[in-house]
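Each of the next two complexes has chain A plus one other chain: chain B in the first, chain C in the second.
Our next item is the complex of A and B:
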């Protein structure tokens, strides 16, 4: 039997199971918290820093996806400070790689675009890095375009936790971070990839896409990963 | 009532934003009631005059663009970055991942259609491309941004109409934000 705790999110009193994260409890109660790296069914890693919330009694911000609820916790999700950080984080996503919506397969069906609209991003106040990025087209079915990657690691977790193939991983740190196939070799030469396409479905942007589509035709269903994991739990 | 002065400018872009501006169709008459379009690629005119509102399409790619933009900033009350290229360099900025020298050689020398006989133009009257294409706000203060590739005609009209009536538009509240 799960212990119950009382928490307050934006002044709303909520009774919740102590095993849950702040994000889970907020979503169950229709309180919106922005996320990019969270995909229900995959392990949360707190990579994107969009779900930061304030906890009363601490000057620090906490990532709602990796912080468990505790009794009498007082959470704020929508202060001026949090909105400011969300906007900064979103702008840095755009400034760090080359997100050219006009020529992207995901134009109009992109979680990063939607995020921009939600935080009211009209321009990027930081200098763009304009990095020269690899586009790996060696796989017969799919493309990995580093220009559009936001390093959320949803592909890596979908590959490891759902498919069990462990094709994807991360290399380097900071702005030089790159998602790699096997030991940084061509995706088409991978000995671990099963070509299942779960990484493509999990990817929130146009970084991973199927070769069968062109600009603006992306139609991803990351909820299928969630559904699959829920069904597996039921079978157990 | 004094009519406002409106200018539209085409820097490093494809003119698609101006095409979208023309797509406001008969609503241009509403704009014409409140403003005179005194400088634009679609009207005759010489130097850029003092204006109330300037819609500036495209990014800053060269010395010529930069000089033009600095002049526009000096003579404009409300400078609007018009479209994704002006706001975040967009397709125009795709050459930023490469050395300018390589970009020139790819375009003028090594392109298949040149049969290896082309050369990089070097006439002193030509503009000088900058190493990096920049969005407007990295060169001058920008008062308002309309992203989009191109922005919707409805969005353009909304922004113009608000400014012409001395109100400040809010794309986020109006649910008119769009990139790409």
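Our next item is the complex of A and C:
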């Protein structure tokens, strides 16, 4: 028997199961919380810091995707402070790699681009890093373009948790972080990749794409991962 | 045609004392994947760095995804995947070798080539490292020159061997 708790999100009183996260409860009640690294069905890691919310009684911000609800929790998702941080986080995504929408396969179907519109991004106040990034075209079906990666790790988790192949992981740390295949070997030479394409579906940007796609024609289905995990839970 | 080097083929020469030591360490940790960092420490201690074939071997034995092993190695600054010189001279400074004069070996190499342990000559030809016990105490003082274990080495022996390494290098 799961325990029920009462929480308040942006003043709205909600009864929810205590095993749920703030993000789950908010989404079920049509309260919007911005996310990038969250993909329903995959383990939440709190990597992108977009889903930060205020909890009454604490000066800290909490990531909604990894914080479980508790009785009488009072959550604020849309204060001026939170909107400011969302904007900063978004600007930093764009400043960290070479995101050039005009030449991107995902132009018009990109979660990062959508995020930019949502937070009203009109300029980036931080100096761009303009890193030299690899584009790995060695795989027969797919391309990995580090220029467009935001290090959300959705591809890594989709590969490890859904497909069970664990081709991807991160190397290095900080701004030098890169998604790698096997021993930082070419994707086409991977010994673990099953070429299932789940990472491509999970990727929110144009970092992973199918070779059959041309500029601006990306059509990704991250919900494919969610559906797959839901069906698995049903033990058909 | 893309060549895929399956992890199943990953192997190391089992008579190498460093491999023996690595095997002992992995067995001691019960081949648990979460002992990866301790095992990497052990491997780096005996090799001086972490060669890719050692990482492949560890990944295979611990049944860990290659990317996880590589990610861990690249995350920590302590781990190095770069060879420390074209020819590596690894002097064992374990107790037995120390008693038998390992320090004299290190001093002689420093005198002749101006190398302290952990350093590489300016031309990158020789790297000098010291390791705790390499598991060859019966051969004390032991030195691993490139991949060969040298037994009961005297300072003069070591210098002439290093010099001949450099000479064969020039001829080659």
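Basically, the second predicted complex is superposed on the first by the 235 of 236 C-alpha atoms of A that agree within 3 Å, B and C clash if a C-alpha of one lies under 4 Å from a C-alpha of the other, contacts with A are read in each partner's own complex, and residues count from 1 in each chain.
Going forward, contacts are C-beta pairs under 8 Å (C-beta built on N, C-alpha and C of every residue); 3 or more make two chains touch, one makes a residue touch a chain.
If you're wondering where the values come from, they're calculated on a predicted model, not measured in any experiment.
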item: Which superposed partner A:214 touches (first chain B, second chain C, both, neither); value: neither
item: Touched partner set for A:15, first chain B, second chain C, both or neither; value: neither
item: First (chain B), second (chain C), both or neither touched by A:2; value: neither
item: A:133 touches, of chain B and chain C: first, second, both or neither?; value: first
item: Which superposed partner A:172 touches (first chain B, second chain C, both, neither); value: second
item: Which superposed partner A:192 touches (first chain B, second chain C, both, neither); value: second
item: Contacts of A:181 with chain B and chain C, given as first, second, both or neither; value: second
item: Complex interface listing, chain A residues touching chain B; value: 94, 98, 100-104, 107-108, 113, 116-117, 120-125, 127-128, 130-133, 216
item: Interfacial residue positions of chain B with respect to chain A in the complex; value: 81, 84, 87-91, 93-94, 96-98, 132, 135, 137-138, 142, 145-147, 149, 171-172, 175, 177-180
item: Residues on chain A engaged by chain C in the complex (per definition of touch); value: 138, 160, 166-173, 180-185, 188-192
item: Contact footprint of chain A on chain C as seen in their complex; value: 2-7, 52, 55-56, 65-71, 74-75
